[in-house]
Amino acid sequence: MIATLGATNPFFVNLDQIFVLLRNWLVGFLPAVLRQAAGVLLGVIAIVCVFPGLFALTTVFERKGLGRIQNRIGPNRVGPYGLLQPIADGIKSLTKEDIVPLRANAAVHFLAPLVLVVTVFMGFAVLPMGRNMVLVDMDAGLLFFFAMGAATELSVFMAGWSSRNKYSLLGAMRAVAQMISYEVVLLLSSVAVVMITGSLSLPKIVAAQNQYTGVFPHWYIFTPWGLAGFLMYAIAATAETNRSPFDLPEGESELVAGYHTEYSGFKFALFFLGEYLAMFSISGLGTTLFLGGWSAPFSFLAWVPSWFWFFGKVMLSIFVFIWMRGTLPRLRQDQLMNFAWKFVLPFTLLNLLVTALWRFMGEGWARWVVCSAVLIAAYVVMGRLEMRSEHFGRRRYRYAE
Amino acid sequence: MLGDGILKGMAETARNFFGSFVSAERLTTVEYPEQRIPTAESARVFPFLVYDSKSPGDGADWLAGMRCVACQICEKECPPKCIYIEKSPDKKPDYVGKQQFYPARFDIDVSVCMSCQICVEVCPFEAIKMDTQFELATEDRFGGLLYDRKELSRSNEYYHSIHPTEATEVDARLAEEKAKLEAKAKAAAEAAAAKAAAAANPAPTSGGGS
Amino acid sequence: MRTLSPIFYLLAALTLAGGLATVLLKQLVHCALAVTVAFAGLALLFLQLDAQFAGFAQILVYIGAVAILIVFAILLTHGSDLPKAGVFSKTWALGLVIAAGVFAVLGWAVLASVRAIPQQNTVPTVTVHDIGNALVGRYVLPLEIVALLLTAATIGAVIVAMHEKERPR
């Protein structure tokens, strides 16, 4: 049952589709052959302007948010409430001297931040940011997104290796190991959504969630397997983007700055930009898969524009990222890997089974009870197994062969 | 259960975040230089010379009321030797009226001074005390940080304002010394007067009352 | 003979350049990155043929996993040192003959299959749905064999890694 409360009002329909209408109007000035290409180009320009703008806003919100969590004020000198701080940061990073170490591999050193930023930007091409607002509607959109995410790891390695610095290399190896471990979790938790929807195309996944029973939406997070899947996805997303508590590869107290130690000035700014854009794009995907994308939380709120809901949910996810950063201490590398392979991955595989069970049990309250029971029991059991105290015995030594 | 520690932690940080907008104890920042934390009473930075003034707020009689008698004990005791004193050729009356030397030159190099307060501890005349001002940055690295006796002099009222407990104690002690000296002088004057009276009048043999 | 689109020639040139760079460059990590470029070229060729799933799977698997694996293998086995004898082998003539033979066999197989399939005017659209159906329908046996192979590889890796832990001194 699609909600129609106020949503058919022509003013709100136009407001919802305002960017699409704007693009069609601008493109109408060109001859018919060029229209499609120009439309895509306009979409690309919009993405390239909006997301770095959001990145600038996020840096200042992160610093102020972390400050408030830590009982202090964040930056408040540049502009009202410090909101113009990103401009100062931008000027600083553009005017800093670009130092390339003498023995570094200049070509790879130069290409690493470029590869990162390019592949991360490509990921935005398949996210549906509103009704009819996806740049490229691909049949295998989800697979494209993960393909771009996988290419990001290569750039991390390139950065670490080309600096000819053992700390950078260590940081890069750790980062790549962490990213490939959690990539498996990310993919498997998304597969549950694909199983239920029956399509890899992201607009179709959102359309499947844009239904309401009464007032409540059919978002996947409101189902037992969806909640478990979302939690696993959130953990994997935090690890993929090297955010606290999984930020050992760039932990300042451990590895100077990890794989971007030898980068200064604009290239460092590009790494920073790439990391935050990856955060946005993975939050965008999580929103699309589990939180209903651009659909409104209640059917009577469907008149609010769809892009407002999408960006609101993405910013909420970013706020949760910042909140976790302010709360949790950093995980050690072996703790991180143990967690991935021994807890998160088995739980995700179990979640796949539970999703299949959900699908084949048919409608009704029985499937809610059974699936929730299985997931909660598994969580408690695996949690107990994980939290068993280590066996402290006589110290054993392992010598290198 | 696995994960409850994380949830408790996140609840605490959320409390911090929202509490920092409403309560002062969750936002302990003091925005220097617009706001300042008041200095503690026992704070000490660099020394200054105390002077007693008959017309406080005037500042004109800083040299006349200066307590320092140029005994040079602080110059000898200072560990990094940052004090330089030249005695005056003449004398001036101090707070009890006795004629004392005074410093013709009293320089402290605050770029050398280490705020150990030894000069204050050894001064027998309560003339040098520790100031609490720390915003003394200057562009002149050498001359700007060499303070002469005029720059170092501050009134007793100022001393009261920065170290009230100490200042009242010092004042009480000085008043006591002054009273003791006056009592001694009175007793000596009475004894001298009695002796003079006894010398002028030969004492009668029988006790009469005198 | 049909003329192929200019994009095809561009992508083919990119792939060939990547492949040549892989064997001709001196630094081993550079070679690994060049083979990644060759993989990317191959993926773009798949995409140019409208095989979306194959193209993205190529990027995800080859660039995202195989290239990383190659790089890890190079770094963990002191592969970055240049070999003393130089990168070109002494028996390069024999190698050339064998490579030419392999290429001839592969070329004959490809051309024979092109002649065997009837010419179609429209490109068939293969959706992910169709691939999924094929995998669990007609090609379920290869799928299960690949799954068994992966399981064997995982168990082998675990055993090889666990062997070190069992010998405390």
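To keep things simple, chains are lettered A, B and C as they appear, and every chain counts its residues starting from 1.
Everything that follows uses one rule, which is that a contact is a pair of C-beta atoms (placed from the backbone, for glycine too) under 8 Å apart; a residue touches a chain by one contact, two chains touch by 3 or more.
These numbers were taken from a predicted model, which means no experiment stands behind them.
Seen from the C-alpha centroid of chain A, the farthest chain centroid is that of B. Chain centres defined as mean CA positions place A nearest to the mean of all protein CA atoms. Centres computed as Cα averages put chain A at a distance of 29 Å from chain C. With centres taken as mean Cα positions, chain C sits 85 Å from chain B.
Mean C-alpha position of chain A lies 64 Å from that of chain B.
Within chain A, contacts with two or more other chains are made by no residue at all.
Chain contact summary for the complex, chain A toward chain C: residues 105, 108, 138-140, 143-144, 146-151, 153-154, 157-158, 161, 169, 173, 176, 180, 183, 198-200, 396-399, 401.
Every residue of chain C that touches chain A in the complex is listed here, in rising order: 27, 29-30, 33, 36, 52-53, 56-57, 59-60, 63-65, 67-68, 71-72, 75, 127-129, 164-165, 167-169. Contacts from chain B toward chain A in the complex involve residues 1-3, 6, 9-10, 12-14, 16-17, 20-21, 26-29, 31. Across the complex, chain A meets chain B through its residues 65, 68-73, 76, 323-324, 326-328, 379-380, 382-384, 386-387.
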